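Below, chain A partners chain B and then partners chain C, in two separate complexes.
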Partner chain A sequence: MKEVFERIRQMLADILDVEGDEILPETYIVRELGAESIDLLELAVSLNSGFNVEINDGDIFLSRLRDYVTEAKGKKDDVVLYLLERLPFLKKDRIEEMMPDLEDGPTLKVKDLVSYVEWRQENG
Partner chain B sequence: MKLEFSGTRALVLGGSCDLALCLAGCMIKAGLFPVLTYRSQKGQDRISDGLKAFCGAYSTCYLDFSDRDSIGPLLQEDPVIPDFMVDFVQGDIECLIASGESDDINRYFSQNVSFRAEILKKVARMMLGQKRGRLVYISSSAALRPNPGQGFYSAAKLASEALYRNLGLELAGRGITTVTLRPGYIDEGRGRQFIRKDHDASIGKVPIKRALTAREVAETILFYLSDSARGFNATEISLDGGLTAGK
Partner chain C sequence: MSRRVAITAVGVCSSLGCSGEQIINSLRKGRTSFARPSFDDQVVSSPIPDFNIKAFTGPFKDRRYLSRGGQFCVASAVEAIRDSGIKKDLLSEAGLFMGTGPNLDIGGEFPEILDGKMDRKDLMALWMLRFLPNTAASAIAMYSGIHGENLTINTACAASLMAIGEAFRKIRDGYLDLAFAGGGDSRLSRGGILAYKKANAIYTGTGEPDTASRPFDSRRKGFVPGEGGAVFLLEEMTHAERRGTTIYAEICGFACSIDGYSMTAPEPTATWAEKAVRGAMDEAGINPSDIDIVSSHGTGTPLNDRAEAYLLHRVLGDNGPLVIALKSWIGHGAAACGALELAIALSCMHNNYWPEIRNLDDPCHINLNFVREKQDYFARTVLLENFGFGGQNAALVVRNTMHRRT
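And then the complex of A and B:
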């Protein structure tokens, strides 16, 4: 985790023009670092070339998270299990942590990017 | 004026058409390295014949807008990121809006708009990595002034122009810019056939009273790829001798 995190921290610092020590695993990427869609696109390109893994922008940036929650509720499914199936790089405790946080804005944290990259490295 | 370029590698979509071959020759003379796409053996042969004087100064790769699987390998064998892209590809369809076959219509837009969007995504992301790229889309004066029977063609052109315009809008801050050219009658390829069929109805309406030559269109494209034209972004420019300026 540490090596992946350090490299992602450097990428974020370069793209967002912020100091590296402002970026921690628990840092919110949009809420705190102010990343915009163009920054996320640039980050996806950097992650793809830097780690040589395929990046699905919608998955890694949790773009469809709210849609999935709505779908699960509509089907009366267990929301956490539904999200675990669609976003398999996230752990159950992280999804549970996100749920009460959804109303406050984009929940994406630096540690989610790390999870995604590590999951891609293991699963291709 | 000697044109200067930020980069050398130029991906040319639809590389086997007459205009693309003319452009490729001009590019090579200007110090650029064109990578021309083809969709068939015939197209690849046309490129070899058309550029036999420039052996080793260009390369080719397969790309077929009707074959989605051809996007994946694009530039994989030759993974040098393009600095430029010029897009000549456009399928032909001529029928009245009210008489088009549904399958043909869906296929046409899938190939000429959706596929193009996927190509733009791939190439733009490659260019984004190097924070530099210039894309020129070759549209047509028929995009804005279609004849009866050119409705689908015009709609696909306008949709494609919109893709390029927004790309230039979204990525200019990262060094990637776009321009669309709308040529009128060109004395080459499909244009030449059309002019021969009805000279008065075509050239008679052009204020400069002649068709454009492939060479002058190619040189114009080269200019829009150059550093001198960097101020043009996310816009459409007519190149039609004044055809669409008046009634």
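And then the complex of A and C:
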């Protein structure tokens, strides 16, 4: 966790032109660091070349999160289980934590990027 | 009564300094930055050492998309906005006219290119922005909140003078009350040097770097590439007077033309360049005898200086106004040269100080009044000329709004 986080912190600091100490695992990437879509595009390039893992932009940045929630509700499925299946790099407690947070804007945090990279490293 | 146009703010990044005061001090003390680049011991360039755009912008993530020339555009614009003191409401009405050059730093951007395969893992998603001409304007607008009429001009070495001229006309003709105008460029990279070396346009030789740039001297051997940027706030005169702001100078006339003669060389008789020069004087409503100083294009290439000297003699006659050549001090700023030379000329105007043409030992034309030694001189009217690859010609007339010192 620590090594992956430190490297992601450096990438975010470079791309967003912010100080590294403003970036913690719990920091919101859009809400707090002000990342825009082109920044996420550049971040995907950096993560891909820095960690040598395939990055699926839609997954890692949770871009379809709200669609998945709507789908799950439409099918009357359990939302948390539905999301766990589609975003397997996230832990159950993290998904539960996100649910009430969705109304306040993009919920993506630095620790989600760490989870994605670690999950990719383990699962190829 | 037609509308008049004032210059009310200046931002500049040059090898002589990044303020009017630094520039005049460098001119007085003879401080230049000519040196050989690390990668080529045959050529000379005039870099701005230790330039860091962040010192101008503070944190600004979009700087990653700026070529070095684009960085000079943005840094100069930020300085001009700061100097103007104008706030968001006026900025949103302002226009933006930028002269920019191509990013020739191909080797720096693609260090491992082989067999034409450009892609690599760490290539930025939006790498193309460093090659698009209007990226600097886009970044300036994002940074500052400028939203008015705008234009990015890529007419080679006439680009930034044309940007200033077009902005002048937009204000004079009532489309805008305020416009930021100027440009920035840098072609000191390996790719830039390679381009002009192969074109046989730049100085090559083993002499002292300080003596390489020698406009109008019979031993001139080509231009010396420089870099930098300058941006001005142009403002409708009564608007500026109502704001009670400093008026640095008035822009009185502009014109441009195109040779239609050669892809690179100037038309040898300078017929069409003369059309631009006379056009700018007509627009300003002045005669050649009204001009006190000519800031020549003076690149130091054999062809340019010969054509320009003929032109100046035809227009100005024997013993005409003083002729300066600022490329002997800063090298050739490419697309930025017009804006850089205007910024330096304004400093000279305000200090009644005109620098000698460096290295002019044996003038190529005997009937022109080249400034051979520094002069303390009050100049009321200055003519600026820039000519570029592709036969681009531009001229601007600027008038001193400061009163003569007694």
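One rule holds in what follows: the second predicted complex is superposed on the first by the 124 of 124 C-alpha atoms of A that agree within 3 Å, B and C clash if a C-alpha of one lies under 4 Å from a C-alpha of the other, contacts with A are read in each partner's own complex, and residues count from 1 in each chain.
Please note the rule applied: a contact is a pair of C-beta atoms (placed from the backbone, for glycine too) under 8 Å apart; a residue touches a chain by one contact, two chains touch by 3 or more.
Keep in mind the model is a prediction, meaning the values are calculated, not measured.
Colleague: Kindly say whether there is room for both chain B and chain C on chain A in the superposition, answering fit or clash.
Modeller: Here chain B and chain C cannot both sit on chain A without a clash.
Colleague: So in the superposed three-chain picture, is A:15 touching just chain B, just chain C, both, or none of them (first/second/both/neither)?
Modeller: After superposition on chain A, A:15 lies in contact with chain C alone.
Colleague: Please name the chain, chain B or chain C, that touches the greater number of residues in chain A.
Modeller: Looking at chain B versus chain C, the one contacting more residues of chain A is C.
Colleague: Where does chain C run into chain B after the fit on chain A, at 37-45, 127-135, 163-171 or 397-405?
Modeller: The stretch that clashes with chain B is 127-135.
Colleague: Do any residues of chain A touch both chain B and chain C, and if so, which are they?
Modeller: Shared contact residues on chain A: 38, 41-42, 44-46, 48-49.
Colleague: Applying the document's contact rule, which stretches of chain A touch chain C when the two form their complex?
Modeller: The touching residues are 15-18, 38-39, 41-42, 44-46, 48-50, 52.
Colleague: Using the touch rule from the top, collect the residues of chain C that touch chain A in their complex.
Modeller: 54, 59-61, 63-64, 120-126
Colleague: So in the complex, which bits of chain B are touching chain A?
Modeller: Where chain B meets chain A, its residues are 125, 128-129, 170-171, 173-174.
Colleague: Mind pulling up the chain A residues that touch chain B in the complex?
Modeller: 38, 41-42, 44-46, 48-49
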